[in-house]
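Chain IDs A, B, C and D follow the sequence of writing; residue 1 opens each chain.
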Amino acid sequence: MSVKAEFKAGVQASEVPRDKCGVFAVYGVQAAAVAIYNGLFALQHRGQESAGMVVSDGRELRFCKDMGLVSEVFTGDFAECLPGHSGIGHVRYSTTGSSSVVNVQPFLANCRDGMWAVAHNGNLVNAAQLRDRYQKNGAIFQTSTDSEILLHQLADPDFFDRKDRLRQVLAELRGSFAVVFVRPNCVYAARDPWGIKPLSLGKLGGGYVVSSETCAMLQNNAEFIRDVAPGELIRIDEKGVKSMRFAEVPRSGKYGQCVFEHIYFARPDSHLFGQSVYKVREDIGRVLALEHPVEADVVVPIPDSGVLAAMGFAQASGIHFEMGFIRNHYIGRTFIMPTQGVRSSSVDLKLAIVPEVVNGKRVVLVDDSIVRGTTIRKRVEILQGAGAREVHVRIACPPTRHPCYFGIDFPDTGELVAHGRTVEQVRKLIGADSCGYLSIKGLCSVLDDARHFCMGCFNGEYVCETQQATSRESLGKSCGGNIRYRCGGMG
Amino acid sequence: MSVKAEFKAGVQASEVPRDKCGVFAVYGVQAAAVAIYNGLFALQHRGQESAGMVVSDGRELRFCKDMGLVSEVFTGDFAECLPGHSGIGHVRYSTTGSSSVVNVQPFLANCRDGMWAVAHNGNLVNAAQLRDRYQKNGAIFQTSTDSEILLHQLADPDFFDRKDRLRQVLAELRGSFAVVFVRPNCVYAARDPWGIKPLSLGKLGGGYVVSSETCAMLQNNAEFIRDVAPGELIRIDEKGVKSMRFAEVPRSGKYGQCVFEHIYFARPDSHLFGQSVYKVREDIGRVLALEHPVEADVVVPIPDSGVLAAMGFAQASGIHFEMGFIRNHYIGRTFIMPTQGVRSSSVDLKLAIVPEVVNGKRVVLVDDSIVRGTTIRKRVEILQGAGAREVHVRIACPPTRHPCYFGIDFPDTGELVAHGRTVEQVRKLIGADSCGYLSIKGLCSVLDDARHFCMGCFNGEYVCETQQATSRESLGKSCGGNIRYRCGGMG
Amino acid sequence: MSVKAEFKAGVQASEVPRDKCGVFAVYGVQAAAVAIYNGLFALQHRGQESAGMVVSDGRELRFCKDMGLVSEVFTGDFAECLPGHSGIGHVRYSTTGSSSVVNVQPFLANCRDGMWAVAHNGNLVNAAQLRDRYQKNGAIFQTSTDSEILLHQLADPDFFDRKDRLRQVLAELRGSFAVVFVRPNCVYAARDPWGIKPLSLGKLGGGYVVSSETCAMLQNNAEFIRDVAPGELIRIDEKGVKSMRFAEVPRSGKYGQCVFEHIYFARPDSHLFGQSVYKVREDIGRVLALEHPVEADVVVPIPDSGVLAAMGFAQASGIHFEMGFIRNHYIGRTFIMPTQGVRSSSVDLKLAIVPEVVNGKRVVLVDDSIVRGTTIRKRVEILQGAGAREVHVRIACPPTRHPCYFGIDFPDTGELVAHGRTVEQVRKLIGADSCGYLSIKGLCSVLDDARHFCMGCFNGEYVCETQQATSRESLGKSCGGNIRYRCGGMG
Amino acid sequence: MSVKAEFKAGVQASEVPRDKCGVFAVYGVQAAAVAIYNGLFALQHRGQESAGMVVSDGRELRFCKDMGLVSEVFTGDFAECLPGHSGIGHVRYSTTGSSSVVNVQPFLANCRDGMWAVAHNGNLVNAAQLRDRYQKNGAIFQTSTDSEILLHQLADPDFFDRKDRLRQVLAELRGSFAVVFVRPNCVYAARDPWGIKPLSLGKLGGGYVVSSETCAMLQNNAEFIRDVAPGELIRIDEKGVKSMRFAEVPRSGKYGQCVFEHIYFARPDSHLFGQSVYKVREDIGRVLALEHPVEADVVVPIPDSGVLAAMGFAQASGIHFEMGFIRNHYIGRTFIMPTQGVRSSSVDLKLAIVPEVVNGKRVVLVDDSIVRGTTIRKRVEILQGAGAREVHVRIACPPTRHPCYFGIDFPDTGELVAHGRTVEQVRKLIGADSCGYLSIKGLCSVLDDARHFCMGCFNGEYVCETQQATSRESLGKSCGGNIRYRCGGMG
């Protein structure tokens, strides 16, 4: 309702894959609002569109949420407005499409048994079916998100009086979810049966913390205990942590942990699915160097996403590592390129080339992944324009050729540069002298228990049914058109 | 979610009775957003807390709403963002209590049959019962308003397939309501069976307009057709206006039109319940002069609310009319008195006294009504401080001694100065030399068909059952606490 | 530098004459910032474009100033940021032309002898000459205002060491000025030798107050002492008030007090040039009724400017006074008419007609003055459209046919409707049935010592030389172009 | 005048040395405003407090300036508001002290010969003397900056009629300055005789560009021509570039190029004083490794300032380079730590530690410099807390023990941790296992023509007289106190 124009300004058709949010919860901590602030601040990389938190003072829930960065949404005396010792928080990623303040999480509802609030990271593939069912029963929907469905399930009279109400609710869900709830007197956390999304449990003073990534625990000086297990529901209240199961281990015996968390999404200082993200990325770089050796003078990463793989590549290959691109830290979210036509296409405000580093050199250019290929092509051009004799592109993951049904916001498959193209065709298109992707096998070699990872975007094999997958459009269709400054369709 | 601090700044414990909102709708007009803007602008006096509109382009609904004045909420290119030829709008009044952006109307919902939006002026006395019923059926509530219930009723499967669905919905309601709905292809308007709230139908070019007051028609150069009848539901679509009834005439044969609309709420250029507001107020002043004659030198109104009655009083009494108080137009909504303690209590930033007009004079001070009595006492003091020899207070309505269940935001009965006090006791309390209220009989004498008016706040007699009346608290109890800057309990 | 877009939005080519600002000063009061706030708040009608104050804590000067209303510029903890017991303030009127934050007063400067700040109401007709002289001496100018010259004069080495430095400075000025200065240890106030602009001295607790109008004293509960005399310089410091003269009484023995202060600019609760503004306006109405009698049914004012004259007219003529136009209080400064073309020209968002009052009636329409005539013509049309049988325009001042050199922002003489037209021609042009202006003689009859008033805009006779009059253009010429949002030429 | 609170929020007592601004100018380019935007954007690292530009359309100068980042100050249609083909720009660094919007450059003035605007990077050590002289002559000062003096010199009648006016002006200056001027028809650029501040000339299409650093040329696709020489004044107009001298080569034959530009200030992709900043920093790291060898497991930089030196150190030492600290990109300028007391002192929102990288390791921690020592001590602690077995601090410059008179904003000498302490004492204080600074000799070994660099902050030897050095205080003393939200002393 009050999406300030500037919040939309920086949004561009993205060249990078984007995840759907981060969640955070605390129970029994000194000042929940501050702990959640710190946690969301550390999870900011998972979503920059909006941020929100709900805090319980033991009797009531209070919220603060808006479009914007954590540091923009929570300002002034917000912590005094949100007293209490437990609560949940959420950051949401930015997209051009159906961005609207009505979709800002956590969502709250008054049910018959009082207030509930929920925050969800993931994508429910059976959202449209569930939504249909509840609409037939008379439910009205306020948002175009799949996450709102959870509130209607909680209010469902069929579940309401059951002792295992929340487990029944969760068992109905298909797809990916790391979800946290807060009630006046307790906090819940649950992770989908396939373990697609990460979720971890930690200890903070005498209380507890649940977070999408462990970096948000470090930020709070909390101590990592363990991952929430796939199919596990945790309830935290004054008696402590109680673990329950709402789903069996998948029949295949295999989980579907999102490998892109390690490749791109997660912060390097997080420990995810049992491994250090930092180490996995460096190792990927090392394997990449072995799989695609090249004679060259410097290894140059695209900062920041390609830095660790490039360092691993450099170590394994013995080629000098150099920061040939410098990242500009002052872009800000509100940046608008003035009078675009005036600028040459080879200038890039976000990354600056260091000509001295690449001039006359054979350059290995390392990035984490390629989506549409337009950005990497431009970067190859810039290197060549700065005098690089050769540019050898090395990508720290296999070719991305298939859609993700579980929350990664890839463009349509047809727009993926690797879709329907050989690596040689990709190379030509991006103008590089050579191009090498990490192999799936190579990727597996750096992962513990690689069979528990979903690599659907590389190989088209998914861990749970996706035929009914709910697209953003199917939920949003009934809702409403272009949303602009302070004006919105309901979606 | 983004209630800016300044929107709250001007809100103070009020001395004036306050109504609950204005509604407006158009169908088949050139640029619905502009017509609604003009209409809401003319209805701004009915609510300054928030404003919103929903416009249909024939297929989709789009909204724009926020805390603030009409001129603050609808800015920039809002009209381009809201294309279409039909729609509804709402202004909401300001209160300290449970003000929150989630309560800003119109409300929208995705039902099984698509989008609905609703805007409501009034107070449903059976809101708590209806809310309970829907919560038991699994409904979740987003706001603490009674108005949200209408959306749940619309989605109710028991009503859904009935041909007279909307009439069924309305027939369940008890209390006051002037309500407008918009769907992609039509607009509805309905008025409660007791006719408590005003609602009129007009013609605008080839299309139609529905408005709480006729002043909003004038603003659009629209032509008044007639009032929406008590118990009438109107549907406007491409076939024109269709009138239906959802309730019989009350068994008593009497309606309960709110007399305070004439006394205070409505704009003087409106025609309400069949009479000119301007004329009623002047006539009230004349009757007041006859009922409470006094020897004096000048008649001075409290601007603007007492001006017309004072003019009538002056005419009937032959005493000079003078603008002894000057209203400051620059207060603005964001005004905060700096360092209050420094200022003398007899200074008033909103009204300035003109000493020349009252010095040495016997003054008749006319205002529309007295609520707590603190303001009028202060004004009497200021007059005396400026040299008035005598101050005779004349009030353009009977003593307000009973609660209103239908939407007027009086303070608790115990806080009403006239509650449990004789007029003489009130006089002493406010420090006046004499004090005269209009009698109920006198009030009736200026009204056409006076028996069709509710005078519950004067005589304690109400037109429909009120024993189950839903207070703000009963709906809000489950929701949440003090709401402050950018932070809200869910209410 | 940060002229927010919205501050410009409401500015339109004006139909009303506009003055140049209000000034205010205090010495020896408890919290100077609060007293100045109150004072400027009461002077807001003299200028809505910008506001500023400078406060001295005895050693240093601190300022706060910006574009906007008093209540918009001074917010938050501004009073804590501006500690001290003396200071000055300024409000500036709004214009489309060279509005820029660099022109916001008070102006400050570091001179050899420390800090000075100045606030000025008026127009210096020899500004261009003085500016030339100082530029030749090496002065650089930051603003396009005549007021900045005062600072350069103060720093002028020719004056610097003289005991009567400030008197020398003031003696050089030609034109109108009510000016206040603050230094760390004292406050000065001065009024031009012709007494064109009003300036009064008052007592506030143990300290003093100087103000353009006495209404700002009332607002502070201060007590009026006397007007600052034409040609008088006052110094207020710890020893009290010291009066000096910097100019003789004009050779003509006549002053040139601006009669438009009484007609339009000043607030009715002010006492100006020895008379009550309220009384003068009512008396004008009475004389107007005698000079231009008419048979009619109602007297209707243009609110608020015509209200008092209309009341006087009604009293003298015995014709009913009615508020046929209702002023909308919610226009706000940021108002922009959306999609103007859609609206009919006969609709007016600022004033609403009350058809019941005028329908079928012979109406006397009273306003304070006519400038271009376009607004009054539109109002006559609206009356006729609402059914008025006859419309008789009565204007509470003589025809405005000549320029003002002393600060009233009339349009170019050629655009004045009365310039080169007989009253009958004006009547035709505005479409009224009759039209009557107050005569100069009639105006004089209500003024004490009428010979001391300047009526140059009526009769072309001015109290001081104007042949060298400095237009806005001559100062602004070197400066710069269109100024828009956050962007300015230096003017 | 409108310093928004948030612009101040992020400002903290700094642990890093800070420079004074960047300047940029163009002549004869297509859209000067866009080119200046790009240039200032690339120079943003030199100053984040405020930004401004002045553009000439051949006849007039227009400006846009405010507190904030380049992307915050220049928004909306600023480029359309600033038409023209030449102009200058400025970014200013952020400080707690006398930050005020009145100090935002460029400064403009109306002189006798029309408009001048100036932007200055540097520190004039004889500012107080010059200021005194002009104040005695009647000049008034608007800012507390030394840069304003240039405008008064330009207006000085003693210089005014001289053909070499601008050279006369510049010849009077002592201290550091890279300065650009714009007039309606030309642009000037000049560099102090000691070459302390960098300034380069480039070619952009058919026009020219002048910039503090070459990275701003790259950003505009401009071509580097040469550095502006110490003591050189350049005039660019329609006839092209004209070079003049306003000062001889210093008698010592040595320049005093600021070595801290290479160590810290400049962007790595700039070419400065004839060398690549990137290369110099890597080379420094290599020399540092030779001067202070250590047996260790990983080299970890403080990002971003220590990255290149750490890479050089790793290469020369053969020790693994790892990004043990991760920089958070979402801090933003408005960040305020909520409820600080709640947070443990060992948590750092700006840099996150990667425990896996340092746990159990002997760590070499590389940073560019140490100022107060508090930050590095905290970082050492964090490393130790994360399990580092040993922490060896290596600093990429010699100990900073002396003040800078030429623009680096070091704290008072007494607060410099290396002042009066041996390296061993510093080591103890910061809690490291060893500590090694680069030697002056080592630093010289990586610089071309090292004798032309000023190393005054290391060795106390300065290239020009400093005994009369003007401190911020001496200029600011007369001006004003604490400046807070929207409120300013004049400084």
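Side notes on the structure shown:
To be clear about the criterion, a residue touches a chain if its C-beta (ideal position, glycine included) is under 8 Å from a C-beta of that chain, and two chains touch if they have at least 3 such contacts.
Quick caveat: nothing in here was measured; it's all calculated off a predicted structure.
Shared contact partners of chain A and chain D are absent. Relative to chain C, the chain whose mean Cα position lies farthest away is A.
Between chain A and chain B the centroid-to-centroid distance comes to 47 Å (mean Cα coordinates, whole Å). Rounded to a whole number, the gap between the C-alpha centres of chain B and chain D is 60 angstrom.
Residue positions of chain B with contacts to 2 or more other chains are 75, 78. On chain B, the positions that touch chain C within their shared complex are 6, 30-31, 33-35, 37-38, 41-42, 44-45, 48, 69-72, 74-75, 78-79, 215, 218-221, 267-269, 271, 276, 278-279, 304, 307-308, 311, 315, 320-323, 326, 328-332, 334-336, 338-339, 342-344, 346-347, 349, 352-357. For chain D in complex with chain C, the touching residues are 1-2, 5, 52, 57, 60-67, 73, 75-78, 81-82, 101, 104, 108-112, 114-115, 134-142, 151-152, 154-157, 160, 478-490.
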